[in-house]
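First chain A sits with chain B, and in the next complex the same chain sits with chain C.
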Partner chain A sequence: MNLLRLQRYANRNSYLFALLLLVVVLAINYSLQPSLFELRVLNGNLRNWFPLMLLAAGQTIVIIGGGIDLSAGAMVSMVNALLVGSLLTAESTPDEVLLGALIACGAGMLVGAINGFCVAYLRLQPIVTTYATSFIYAGVALYVLPRPGGAIPADLARTYRSTPLDIPFVVYLIVLLILFWLALRATRFGQYLFATGGQPNAAYASGVPVNFVRFLTYVLSGLFAALAAIALTISVSTGNPRIGDKMTLDSIVAVVVGGTRLSGGQGGIIGTVMGIVILGTIRNIISFANVPTWSQTLVDALIIIAALTGPGLIRLIRRRFQ
Partner chain B sequence: MKVSLSAQHIVKRYSGVVALADGNLNVESGQVVALLGANGSGKSTLSKIITGVVAPNEGQLLLDGRPVTFASPQAAKKAGITAVYQELSLIPDMTVAENIWLAHEPLQFGVRINRREMRRRTDALLDLFSGAFHTLDADALVADLPPDEKQIVEILKAFSLKPRVMILDEATASLDSRQVDRLFNLIQQWKAENLAIVFVSHRMEEIFRVADRATVLRNGITVGDVAISETNERELVNLMIEASATPRRHERTVAADAPVRLSVRGLRTQALKGIDLEVRDGELLGIGGLQGQGQSELLLALFGAIPWTGEVTLSGEPVHFRHPRAAMEKDVAFVPGDRASEGLLYIRSILENLLLPSWQRYGIPLQLDRGRQDATRIADDLGLVRPSMDAPVSALSGGNAQKVVIGKWLLRNPKLLLLNDPTKGVDVGAKAEFYNLLNDLRQAGTAILFYSSDDVELLELCDRVLVLHDGKVSAELSGSDLNRANLVAASMGSGHMNHEPA
Partner chain C sequence: MIAQVRQRLSPPVIALLLAIALFFAGGLINPAFVNLTQAINIVRLAAFLGIIAAGQTLVIISGKEGIDLSVGAVVTLGAILVFRLSNGQNEALLYAIPIALAAGALIGALNGVGIVIIGIPPLVMTLGMAGVVQGTILVLTQGQLVGGTPPIMGQLISSPLIGPFPGVIFIWLAVGVAMWLLLERTRFGKHLFAVGVNRTTARLSGVRVPLVVIATYALSGLLAAFGGFILLGFTQTVFLNLGGPYLFPAIAAVVIGGTVLSGGKGSYWGTMSGALVLTLIDSLLRAMQLQEAYQLIILGFILVLLISIYGRQSDLRQ
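So, the complex of A and B:
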């Protein structure tokens, strides 16, 4: 019975492979860089990874719901440009910062709603739609902030880097992210999300508002892109209208490495959090392993392909033995 | 609370084709009404109209005496009408409990799903079937369940909505006898609790066990509404077929000394429970029965498309095809039933479609001119009406498109032709041409295995018909036994009726 429970747990929580991979890559990284778990290094790494983690969290929700969001990175660029180019300056008061953050979140949700409307109600293909809208959002970013520059209050970066109770500030935020996910899973929307991504027709026949669920996944993705942009802006303390462009594909890779099924209906943000740490650690390893610069991208790609194959291999083996 | 549901003079047309001409059904609390009819008689259309899945063109539904219209399945559910379908509405990657309570989960504080309560209620529902299954429990993933347990979950899911009217559409098809017994006990219990039940089944024996009344459909018209206690199997079967059963038009004979092309012994798959058959060269062997009794599986297994066990010999040589290509190499051809998804590449040209299974004969680089000649010859032989060989198949009418599906195999000169309900959705004129084609092929000595969901077609074309029921051959009809009454009786799994009904 216990074995059965364990097997079921593994079936449902598809991030077990990610967990294994996480341990392996952390061990390799530690052997190359013994200071890995020192507070300073840990804090630095997590700070760098956290914006992508937020973005991938939103991506996870869209993918579980059966879609994909290729405009995620462009939304980050757009919100970063808005924050630095028009909402905040280095002298902004805390009230202005709060207002700016709220407007940023609203902007993210608005563009997410555009994606969601096109995909859920106009029935356009998610890949093409969000690829197309990504150019609109990138265009807005360039319009608001034509060239890199600008600044935000320095206090923000100080808080972001702080380590209350000797624990990096970002860790508290990651805990919040995971709590958010667990809470979402405990609501009816959580059930609807998995049902919609798993078997839309059956979900519809059971009374699930399939279109509205799809729409909401994109709105949430927009919100998380805005949060990612806020974290990134604080982290780099400046603006760049192309800052998020490369984050889209990384966010998708992290979701898949974290065990979420690309065709929808299975997975979760906990796996994605691990996926981000795995991706970041792999890049650490490459830079510490003295891989020649010209082949870093190649090695990076090979390791990611290996990581992506893992969950599929496990499924294949399981089917063979059934 | 008592309930009554009445469908009156329902008409439903699908793009010109009348699926239901005058459908009537009455059911009330504490009653089980069996809905019967041969293939295409409109029983599934009628049950879909009652549950709001399709909207009727004419007629009305009365619920408790008041006219109602259902815009969607949800609207019907709100009114207390639910259905258990064969094609399951379950989500494989979710647990049994999550599936049963999907979209009506018990909540805590109005937002949080109360998993403990959901589990408790699921266990209570599962107790209704306790002892009649193996692995089923609230936390099992639906994807891991065998078909019978999925069906049980589907039944419990419908029941969890606390319906007033429940439609069981072939809900017993995948259940074993113990599970059916349990379901029937539950139905008795639910009757006592004032539930009204419509029971659609192809098993006569079950209808006599569980139903109080039977409503019989024939060609979209309700032709009978009888109390089960005052009728018998014979009378129901007679109601289901035309009073003047279509006589066989042609007598055909196959030379008894023609060589046996295909011989099958004890063929088993997931759906088939041991099939024996023999087809001679030039013979047209019909496969009949209600839909979904394993007919398609039989043809797919013979074509090597699904795994099977048993003995198959082709022209005396034992074979075991594990891939369609292996069957094709032995001159076996398969014409699928679903043209759109399995038979044709709609946006590609007629030429390409015809040559698709045969490209390997045209060398590297492809000898396109020779291919075009061969394809044109076949197209001419078939009388294919076409703008040009390069026109896309989507430009053709249904009948002509069907010719392409068959033509692409004729290019390979098949010795054994497997036809999976090939005339579904083909107009009458094209059907006649198709029948001529089949006769020509028979004259040329091709052995043909022909599954059709159209009984008339089987009666008119075939030398012999095997009727499948529940994955087994329930009757082999030929000569004077091959008539409508026997065909329908065998489809319902009841005994062989040797004589024409009076």
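So, the complex of A and C:
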């Protein structure tokens, strides 16, 4: 009976399971690392997780709209290379930094628009299309910045690390991200987004501009990839033309752990934010639990599979008991 | 006009024609590109990709967003198992190969159970499994890759076997015939296409859907492990990311060969043509001796172009 009720809640609030998991992993992490909630540790963790959080936020929007973006990591590499390789130097003035950030966002939206055009208007399959375009963006990254190096103004990293009012600066940014999502969901685009991902044919029949909505999800994904690249660039203070390559798959796992369904039409960025914290905390636990070095990858993967299995198992058990 | 041609020519035929055209286009760029040695070399390289893409073809035909991202890790595992268990002894292959294939099939079956029984989306299930396999490799080897490649593998796979043709080409042809028989001449093949088109109607007409899906992923794992064995015959040594670089090219080969990602439609000989096209493009770009940045950009554009020739989905208006 309790399982049944849990299942009904889980259906209505897709991120309920993520929330449960979040509490459990945070408790385990806290028991292993009592300093977890101290300002310094909290700030360090959130700072490390924030770039991937932004990337996964964009991925969430694409996935809700029924697509997927395998070029997300390559877009991060490209924007990082652009920022360090041609837009900024260690001596850039604040005005130049602002201009550089705006150009970076524009570049992200432009490549996102290329993805969106191919998927929404040329009707190409999202997985292979974004995989193919990822080569183009990776190539541009290598063209702009052939080898790792470069620097950006040190002030940026200081601000990123600061703790105004004893709250990490990143927390304000995360709150902004969540407010953005709540606002977006309330707009007409937000309604169209869920309709497009859930029932594209029905949505089309009832006058939703399905193709345009799909196009916009990829533009937003490009924008978020650019923002992720900006945060990452500030965080590491240097450039690497392959820096984002490994982030794509992590962003997808975070979205799914956060309760968004890969089939589209359901989910949200709040769940994804939790998904990122869950993944990061799991990695903390592994490093604090003295897991032998050679076993870390296996333990990490097993925990992630367990996290993915959770919601499905609840459904399965429920069916068995009916 | 183009639409008519497209209707008459199936994607595998287009891909094959494209491969031949590309090969001779290579001659325009570099006359040394067009000769028998080079052709054999390209077919040999395509054979590795094609064998690794065989299981992926089956999984993608099975539909419901079917995809197997654990293939790269299983290829590596298969190669490492053969490398370690045989330890360079020809006779030891008699048990090393079955163990490697069984390990691949088991991993694939676990993927299938997670996907069809528990209901995890294939993309993340197999991605998670890739991590588990990579992790298991690290635990088992502790980073020490000891072992050896039996000399017979080099003779049978990468050295010229009949005339100038290396054995891997014949192995690939055999895999092609076996895949064709499996897909077109067995009950499993018929059921697989039925499951790919529509799982509900398949179930209602008596197909045991979960069994077919689990068997499909198990076959994918088995074929990936076999791909690892074949690849080992070529590289003669193993490293921790041996199979990784083949994962997405294998998926691209399947799609370029006309197998639809939404499932229920496709062929292995399309995948074979796709593998040839991809290998040719790669060889051409290398022959042009461009910077890596340009190579990547051109490859990306060509892939988008190839996908847009026949990878299009149906219009909502229809």
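Note that in this section the second predicted complex is superposed on the first by the 303 of 322 C-alpha atoms of A that agree within 3 Å, B and C clash if a C-alpha of one lies under 4 Å from a C-alpha of the other, contacts with A are read in each partner's own complex, and residues count from 1 in each chain.
Keep in mind that, in the parts below, a contact is a pair of C-beta atoms (placed from the backbone, for glycine too) under 8 Å apart; a residue touches a chain by one contact, two chains touch by 3 or more.
Given the structure is predicted, the values throughout are model-derived calculations rather than measurements.
**Student:** With both complexes overlaid on chain A, does A:297 touch chain B (first), chain C (second), both or neither?
**Tutor:** A:297 contacts chain C only, not chain B.
**Student:** Hey, is it chain B or chain C that touches more of chain A?
**Tutor:** C
**Student:** Report for A:313: first if it touches chain B alone, second if chain C alone, otherwise both or neither.
**Tutor:** A:313 contacts chain C only, not chain B.
**Student:** Across the two complexes, what residues of chain A are contacted by chain B and by chain C?
**Tutor:** Common to the two interfaces on chain A: residues 201.
**Student:** Residue numbers of chain A touching chain C in their complex, please.
**Tutor:** These residues of chain A touch chain C: 68, 118, 122-125, 127-129, 131-140, 142-143, 146, 200-201, 204, 210-211, 249, 252-253, 256, 261-263, 294-302, 304-305, 308-309, 312-313, 315-316.
**Student:** For the complex, give me every residue of chain B touching chain A.
**Tutor:** By the definition above, chain B touches chain A via 73-74, 77, 88-95, 98, 102-105, 107, 111-113, 115, 139-141, 144, 157.
**Student:** Which residues of chain C touch chain A in the complex?
**Tutor:** Residue list for chain C touching chain A: 65, 67, 114, 117-121, 123-125, 127-132, 134-136, 138-139, 142-143, 248, 251-252, 255, 261-262, 291-301, 303-304, 307-308, 311-317.
**Student:** Hey, which residues of chain A end up touching chain B in the complex?
**Tutor:** Residues 5, 8, 11-12, 186-188, 190-192, 194-195, 198-199, 201-203, 205-208, 265-266 of chain A touch chain B in their complex.
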